[in-house]
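Both of the next two complexes hold chain A, though its partner changes from chain B to chain C.
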Partner chain A sequence: MALDGLLANLALGLSVAATMQNLMWCLMGAVIGTAVGVLPGVGPVATMALLLPVTYVLPADGALIMLAGIYYGAQYGGSTTAILVNLPGESSSVVTTLDGYQMARQGRAGPALAIAAIGSFFAGCVATILIAAAAPPLTRLAQQFAPADYFSLMVLGLVFSIVLARGSIIKAFGMVFLGMLLGLVGTDVNTGNLRFTFGISDLFDGLGFVPLAMGIFGIAEIIANLTNPERRDLVSSKVSNLWPSREDFRRSRGPILRGTILGSVLGLLPGGGAVLGSFSAYTLEKKVSKTPEKFGTGMIEGVAGPESANNAAAQTSFIPMLTLGIPSNAVMAMMIGGMMIHGIIPGPQVMEQRPGLFWGMIVSMWFGNLMLIILNLPMIGLWVRLLLVPYRLLAIAVLFFCCIGVYSLNNSANEVLFIAGFGLLGYLLIKLDCEPAPLLLGFILGPMMEVYMRRAMLLSRGDPWVFFQRPLSFAFLVLAGILLLLVVLPAIRKGRETAFQE
Partner chain B sequence: MRRREFLTMAGAAAVTSFSIPRATAQVANWPERPVRCIIPYAPGGGSDLIGRPWAEALSQTFGQQFVVENRGGAGGMIGTEAVAKAPPDGYTLLATPGATLTVLPHLRKAPYDATKFVPCGRTGDFVTGFSINAQVGPKTFAEMLDYAKKNPGKLSYGSAGLATATHLRLEMLKFKAGIDILHVPYRGSADALNDLLPNNVQMMNEINNIPHVKAGKLHLLNINDTQRHWDFPDIPTLTELGYPDSDVPIWYSIQGPPGMPQEIAEKLNAAMVKLAQTDDMKSKLRAVSASLPVQSTKQVAEFFAADSQRNADLIKAAKVKLE
Partner chain C sequence: MRIRNRQDFATGLFFIAIGLGAYWIAADYPMGTAMRPDTGVLPKALAWLLAGTGIILAGKSLVADGPHLTEWAWRPALMITLATIAFALLVDRVGLAVTMLVSMTLAAFGTPETRWREYALFAIFMVVLGVVVFILGLGMPIRILPQGLSWR
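After this line comes the complex of A and B, so read on.
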């Protein structure tokens, strides 16, 4: 790889990202993202959906820089509450609660928070360079993708989302298929037939992703929280001694490095992303540790590894979106929406046609990470105070913003009703112990898979062998098959279950 | 009883006598508040490229904002239906390609009556033609025909979707030239271009091909317009190639909802005719490869009816079905 080209690209990105305006959007995204990460129940998906119409008035590069900032900002913020109050602000911070909260109870919240931030920063820097170096060759590869390859890649993504779901595999399967069914609503691209629309014209183009995501994640989470008595045992002991000791650093070095590598790789996979990265990193740290039994009692390795991994994965998950136009998770689907608003069709051509935007966004990630570490370390006290907002007020505010957000997307009152309906469905799913993430991926990938499958079949004149004749497609399908087999094999299933119970 | 009847009548009379002058005044003073221009496609597409410069220019002319609102989906049906159901007071307009009104209703059941819209003016015609990926081999229209005849069904063509103008264009080519080309519908022309460039499909007919023609990745085979393209003076029109009455532009217009007063349409048309003659508007549309026909509302209505009839005839003759 020509180093000159890489440097030239980074210089171009720097010239875009370092303008006063774009630095401001970057900071704004990072601040909003951190706030969103701290607040449980308000995730980056809902926030980005909320801000999507707002970005219309921004220039395209500023808008995307801000949206990206929200995502990786949320990875920082999520860890703060996970450590301080045992409340994972983000699903990717769930594992951080295990050892982070224990450290906080021992009065070591400072080192835990600092290591989480430093690990995230390191991972963010590495991932930024990785995106810059790997995006061009990956994009060239992406341009070789035919419809059959896309289809098989998406099959792999869905299988991944099943493997990674917590709890019962049967339920995860069910959720994926339910999501795919919901995705079938609307107009069939190949015949123009209307499916499951019941004559409601708001459904002619399918169910909206935003009402679905907001309802199933946001509203359902609020209902579930309200049914539980508030559990907010704030750590009373003061967060003193912010800086980790030399011993802490020594113990964290390995986990940060391993977490970064693992997260970067997993972030690339469709269906992967930050959640997958943090879970795997925790498992890995436990495997390599000489004292695995101590995990869960306040081991700094259990914070450093997953926190680095989730941030690395959050950033490398931009690669499939930027190069292939495939959303590997719900947040990336939001980013695609943000690009479409500005008339940019995500896909291999973005890098060629809008190099300033592309590289500017990548370089802005590094700035964003720098801002986040500066922002987070001194402001931890403030974030904790944000949690003191009584839930009865917070819940109403969130509901209010959800309704406005959905309405402003299409000016459709029906869609506001949809979020109410999906909220109830989401609550039901929580009660039934069904994880909604596979549902959302099924919903996004299902219709895309259908389109690519039918297009591939159309182009092959109805010959299904096209999926096996193309080497890329064949490789993806084989991988998906192996994964599926692994999950079904009893021995591995047991291991997986214990891994998620931790 | 009689008293009540009288009251009702008097009331009705009062209402009517009141509302008529008010309505006239409303029409005369139009526009008194911002006007919504609904584009029935997602942002960034062809409708946007043509619609936005117009909204900007009309805002300046009338001193009221013409706000563009994208309501995409279902091949343009959702946005078009929204305008069909909007109050016909001139404050909701449709900025649309011809296909939603003159192609789609002949192929599927539309939730609106296309003939009831009130034409206000043409906003521009996209000038492009069939293009073919350079990797395939043929460089001219004749070579493409030759190739297609020797390899029936081997070429495939990406359209912006079912029942769009570019879909119908392929059906016309297949029918009139007697060749077999596979139609692959996409969700918008950008999506199709992504498959055209790596040669997954071989042909398209959209303006977003033009930059790639200039870059040498695609060959432009013809122009579907009555005149040649200013950037490609060597490329013949379909009439010149021996296919008369085939040079139908991909045309765009502003339409009022059914029942909108004709006065508003005339007022809008007068402003549009004036704007269409400015160099600013001409150069803005030329930049996106669009030409600018100037027509009165009556001419637009006639053109509309003729286009619809021609499409209906072609669909019947070529037995086009959505399946």
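After this line comes the complex of A and C, so read on.
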């Protein structure tokens, strides 16, 4: 019966995703995603932020299909740059540079690119099925959530983002608190009181998520990247001999499978997503390999595992967003922004109220992956040419797109001033080695948590024990507590540090 | 007393400063009751938590060794910020073309690697692209040229 339901849902999704229009938006997302993936210093978060205002004129399903395509498309494109230029096009392909670039130097760029794309495709297909299978039961569970449960789930989400953040745990705590404080700026929705507005009327509605993300991820990255002039050692702009040998396939089979599983699981975690997936998969491949010392010299396993994992994780990170309405990373926060623009409140009700949109988006991911493998393998030469644009010009173009993108949100020049400020804040955070992802999550979840906390307290008539009396809420809080204990214990902290260093 | 980890020390001070500042501003926000928590509860709690985090971080930086702060990149930081501010101040006043030229040229000063002849060609390309895509294509309500040179 469950299978029947699943098939019916997928058929509904197919009818939405396979319309000419939506296929076009999907292709558009895949193309844009590949382009920003290939270009170092331009990430999916900033790109989606730029395109949010544009999606306003699209129908809701087309807009979300395109935005989703940008994210997983970027995972494909990122590996191209990593393999050919030894620069991560995307932060999730950092580890791909280690063995991928070595393979390219040995004249095996073709097989490396092909395995990365095939691994990504396989992972994308599995993750799509996983989303389709996991969404209905999770949604049913979420419908039983009371305010206290939601509050505790968000606490757990923030704890996850702290635990999984790179670098110092204490700094990650600070980033979450700072993000929540920034999220409180504006009018308190319950009482109408103003908070932290300094009498500036532009702040009465709160700080915008798009200017914040664009400043911290877009502008700050430009400043940081201009500081260290990059050197692009393009191995060769002509990639010949694309098809991997039988031996390559045999060696990649295991890593692709393991990477897909590992990535799918890690993608579910808040604060996880593509970067964590690829790093962990590389570590795992090194551990299970009989010749770990050879990693870094052009092992195809070191490309296959991480590239499958980052694509799987990119896609499964949609699950918490689609079913619970909770973003697990900055990109999902953007997706939520995209839904809100079209008047859709993210949460478990989306699947019931807008089944066409929900399933259409999921099925479009499969189409998107199919398009991407075609876009990325036969047309690789085209993308490589993008790399000939030097960063000194690219930076100026990105800066302009950030400015005009934020301006177009509300035709407000003042919001452009905000991104100048957030850009400096973001640069300061880079200098202080504070990862901005937990800040962004705190910014989104902070105000939501306040709403749920108030509802829970009202329902319990002021009794704070409500958070421990409901079984679900209690379970989330206990899990959060255990996680925090684990990272505070020194032995495990050491393990975590080595995992991130590798 | 020696600061052994300047990066963490600076981060700690930053957190403490923001935390105290936020608390000072939020001091007279009403707290409400347990059943109806009011405007001030979360801001004050977060201000304390942030300042507390900063104190722990700064304290730890006196005990354990760690990285120094690396050199600040004044030139790109200043020029990119100025370029953004210039865009914000000019766009409603002198139209998109002039705004883009001023803003992009400021940004080009942000790196010593700019080659000016290459930049000039690129700038013309970008202005044409910007006008065609955003004003003619997407129909954004911005002037193209300054008022005196009227054309839209």
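As a working rule, the second predicted complex is superposed on the first by the 496 of 502 C-alpha atoms of A that agree within 3 Å, B and C clash if a C-alpha of one lies under 4 Å from a C-alpha of the other, contacts with A are read in each partner's own complex, and residues count from 1 in each chain.
Quick note on the criterion: a contact is a pair of C-beta atoms (placed from the backbone, for glycine too) under 8 Å apart; a residue touches a chain by one contact, two chains touch by 3 or more.
Worth saying up front: this structure is predicted, and the values here are computed from it rather than measured.
When the shared chain is aligned, chain B comes close enough to touch A:Q144, but chain C does not. Applying the stated contact rule after C-alpha superposition, one finds that A:L23 touches neither chain B nor chain C.
Once chain A of one complex is fitted onto chain A of the other, the partner contacts of A:T191 extend to both chain B and chain C. Within the superposed three-chain model, A:L399 lies in touch with chain C and out of touch with chain B [touch as defined at top]. When the shared chain is aligned, chain C comes close enough to touch A:F177, but chain B does not. Applying the stated contact rule after C-alpha superposition, one finds that A:L377 touches neither chain B nor chain C.
By the document's definition of touching, both partners, chain B and chain C, reach A:R461.
The wider contact with chain A, measured as residues touched, comes from C rather than the other of chain B and chain C.
In the superposition on chain A, contact of A:L486 is made with neither chain B nor chain C. Chain A uses residues 190-191, 193, 411, 458, 461 to touch chain B in one structure and chain C in the other.
Of all residues in chain A, only 143-147, 186-187, 189-194, 201-202, 204-206, 325, 340-345, 347-349, 410-411, 451, 455, 458-459, 461 touch chain B in the complex they form.
By the touch rule above, chain C contacts chain A in their complex via residues 7-8, 10-11, 14-15, 18-19, 22, 25-26, 29-30, 33-39, 42-43, 46-47, 49-50, 53-54, 56-57, 60, 67, 69-70, 72-73, 76-77, 80-81, 83-85, 87-89, 91-92, 100, 103-104, 107-108, 110-111, 113-115, 118-119, 122, 126, 130, 134, 138, 140-142.
Within the complex formed with chain C, the residues of chain A that make contact are 54, 168, 170-171, 173-174, 177-178, 180-181, 184, 188, 190-191, 193, 195-196, 219, 222-224, 226-227, 229, 390, 392-393, 395-397, 399-400, 402-404, 407-408, 411, 413-414, 416-417, 419-420, 423-424, 427-428, 431-434, 446, 450, 453-454, 457-458, 461-464.
Touching chain A in their complex are the following residues of chain B: 42-44, 48, 69, 71-75, 77-78, 81-82, 107-108, 111, 153, 156, 161-163, 182, 184-188, 190-191, 193-195, 197-198, 200-201, 322-323.
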